[in-house]
Amino acid sequence: MKAKETAVIMIEFQNEFCKHGGKLYDGVKSEMERQNTLAHAVKLQQEARQRGCLIVMTPFVFDVEYAKFWKPEGIVGIAAAAGAFRRGDWGTEIIDELKPAPDDAIVHGKATLCGFNGSNLDMILKSAGIRNCILCGFLTNVCVEATARTAYDRGYRVIVAKDACAAGSREQQEYPEKYIFPLLGKVLTVDEILAQIESAGSESLATAA
Amino acid sequence: MKAKETAVIMIEFQNEFCKHGGKLYDGVKSEMERQNTLAHAVKLQQEARQRGCLIVMTPFVFDVEYAKFWKPEGIVGIAAAAGAFRRGDWGTEIIDELKPAPDDAIVHGKATLCGFNGSNLDMILKSAGIRNCILCGFLTNVCVEATARTAYDRGYRVIVAKDACAAGSREQQEYPEKYIFPLLGKVLTVDEILAQIESAGSESLATAA
Amino acid sequence: MKAKETAVIMIEFQNEFCKHGGKLYDGVKSEMERQNTLAHAVKLQQEARQRGCLIVMTPFVFDVEYAKFWKPEGIVGIAAAAGAFRRGDWGTEIIDELKPAPDDAIVHGKATLCGFNGSNLDMILKSAGIRNCILCGFLTNVCVEATARTAYDRGYRVIVAKDACAAGSREQQEYPEKYIFPLLGKVLTVDEILAQIESAGSESLATAA
Amino acid sequence: MKAKETAVIMIEFQNEFCKHGGKLYDGVKSEMERQNTLAHAVKLQQEARQRGCLIVMTPFVFDVEYAKFWKPEGIVGIAAAAGAFRRGDWGTEIIDELKPAPDDAIVHGKATLCGFNGSNLDMILKSAGIRNCILCGFLTNVCVEATARTAYDRGYRVIVAKDACAAGSREQQEYPEKYIFPLLGKVLTVDEILAQIESAGSESLATAA
């Protein structure tokens, strides 16, 4: 994978999921520990950024006024009712360890499961000439999987960084690793992925434009 | 659910999956028998149509010329390489038991996992004023789930007709029934769904417009 | 048009266009005065809201960090280079006369010409059961027209409130009124539109659900 | 422009528009002659293909069964009522002079004004790694402009091949040339465009992968 054609799409690394006091922390805490999710995510973000990949932070942000007429069923409705991911709240902030650098992109508009839906993610990827999407974050089988499915359908190459994800249980982590992600592309560890990224360095000398 | 706001989205009820000789038949045969999928699908199509729901047949069609420059990874690539779902082939035809009636809609453009991607499905649903999507077909955890996830994200109410679906194994049928569909909406049997559809008849007298 | 199926999509009624000191004010000032755009927009917003239509404020917001890797050509690039519509700036605020009421919707993500692109507009409209889109704002032949074209293509009924719009010149106002909007739907004055909206009142008594 | 990143999107070069006996021929005949549209389109298709650009034929196809529940207003409704562009009809065929070659792509699903809407156009472009869209065809100010606007909004570079287009009148040809296309990208003649396409040849030796 050429770095300049590769994006790392980091989904919902927000206090709500990742930190004590976050409204959804209890649900993923044990899987996050088992997988060492945050350390792997930090490594992926830093090394991929250094090699010239586009880092795309993809937070979930729930606008309060939006909720007035929008009464979602299912999990988004539950999250809304719980007051999770409200714009401006501490829980909605991206965690300190993964704060965006000046050249990272931040997706706006993710308020449902798939990161492409109602957001500028596709425009960001296309504008930047991205062909490979490395995906990680929360929940493995919900938002990460939804975004991976759409990325696949839209013609991107999909690589799931499995040890930079977490689900609500080991079963929900392993089911998509086994049955879904291999239908879409690759499912690899952060170390395996980093070994496949070709730095933009030498090439960028040749194609300076 | 009001019938006139409700669509039954029937995914890939084609010879390729449903009939002896179809290229994907062996993979779903046992689950299709265990669930009695086809009989439930026929009942759902006929009774929902009679009450005024929109029937939306959603076949997968792979255009041969399309494949010349499009080299998908994963499952679509495998299906393409196997020659499945080619336009004009017997395997690509909708099965006789579910042949569309004159007022049914047929989706064009489904050539990836999600029925909305690159197709006219959303335009059909919106033009017809649909708010409730009843989904069934093949494979429960691949194309049916992909379409259900997108329908949910786009603001439709999602109801999965679980006994009119089939997956590659019982585990792959039961996992989304347990962990994914309840996040999106309801997962019910055909009989339970039919009991909740309010016929368009009496109401249409009152709101004749 | 039934009020509860009707949205008024108000495009870019922001200080940048509408107020002395706004970066794009000089370009639309004379047409805005000729048409009395703001007074018509206020009337449309207030009366449509009162009858039960959904008011959808659709501002353009340019995220500074977004611009780092996104180098648009054409008009969006010019607006970006000029520092227009930056998130948090005075110019980006919706004008005081049209400040959203608690039940209005505010679109997030409009950063190109069409209000549907990369935004939550379609999700808002679909979630609210909207079938009729009344469009107004700036510029008649650029963002209003782009949004009207997409609304049409996606199956919404399109009504352009011509005297609540403004373009850069009379020619650019009258060309789409004559040649484009009639291909999509209707082009009417605010008064003509209000005369066609059927209040949600009496009906809502009957369908209280 | 590098050839391998460039697509020529040829919109509605079908008998319906281009040939005596086509249902829409009379409306564009004089502009097509004035511009010498077909000769320019043939030159563009042949030379761009030879240099390694992706040729994307984008016909409008109206499915008869689709029309049963879809009652479009405006121009698509008029075309439907007139029986234009029906699947399988002579009028719907791509003209002989521009018949697709084996490596060209053919868009499926265009049944409204914008070529991206409800079609596989975006998937084709993304799968092929396209960044530059050269657009031509019918009508300059309707479907060509709609497709150009969306291409722009989605992050593609837009080049309109003005002398390979035709509109219903000279005014409708010149208005978007003057006021709209320059907001999106470039508007050039076929000869000017061909002078800017960098053949894939020498480069492909270096990047054989």
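We call the chains A, B, C and D, going by the order they appear; numbering starts again at 1 in every chain.
Everything below uses one rule, namely that a residue touches a chain if its C-beta (ideal position, glycine included) is under 8 Å from a C-beta of that chain, and two chains touch if they have at least 3 such contacts.
Keep in mind that this is a model prediction, so the values were computed, not measured.
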item	value
Touching both chain B and chain C (chains)	A, D
Per Cα centroids, the chain farthest from chain A	D
For chain B paired with chain D, centre-to-centre distance based on mean C-alpha positions, whole Å	32
Gap in Å, rounded to a whole number, between the CA centres of chain B and chain A	29
Computed distance of Cα centres, chain D from chain A, in Å	36
Sites on chain B at which at least two other chains make contact	70, 72, 112, 117-118, 122-123, 127, 153-155
Footprint of chain D on chain A - complex, ascending	122-123, 126-127, 129, 131, 153-156
Chain D residues within the chain B interface of the complex	54, 63, 65-66, 68-72, 100, 102-106, 108-109, 111-112, 117-120, 122-124, 127-128
Residues of chain A that touch chain B when the two form their complex	70, 72-75, 112-114, 117-118, 141-142, 146, 149-150, 152-155, 157-158, 172, 175, 179-180, 182-185
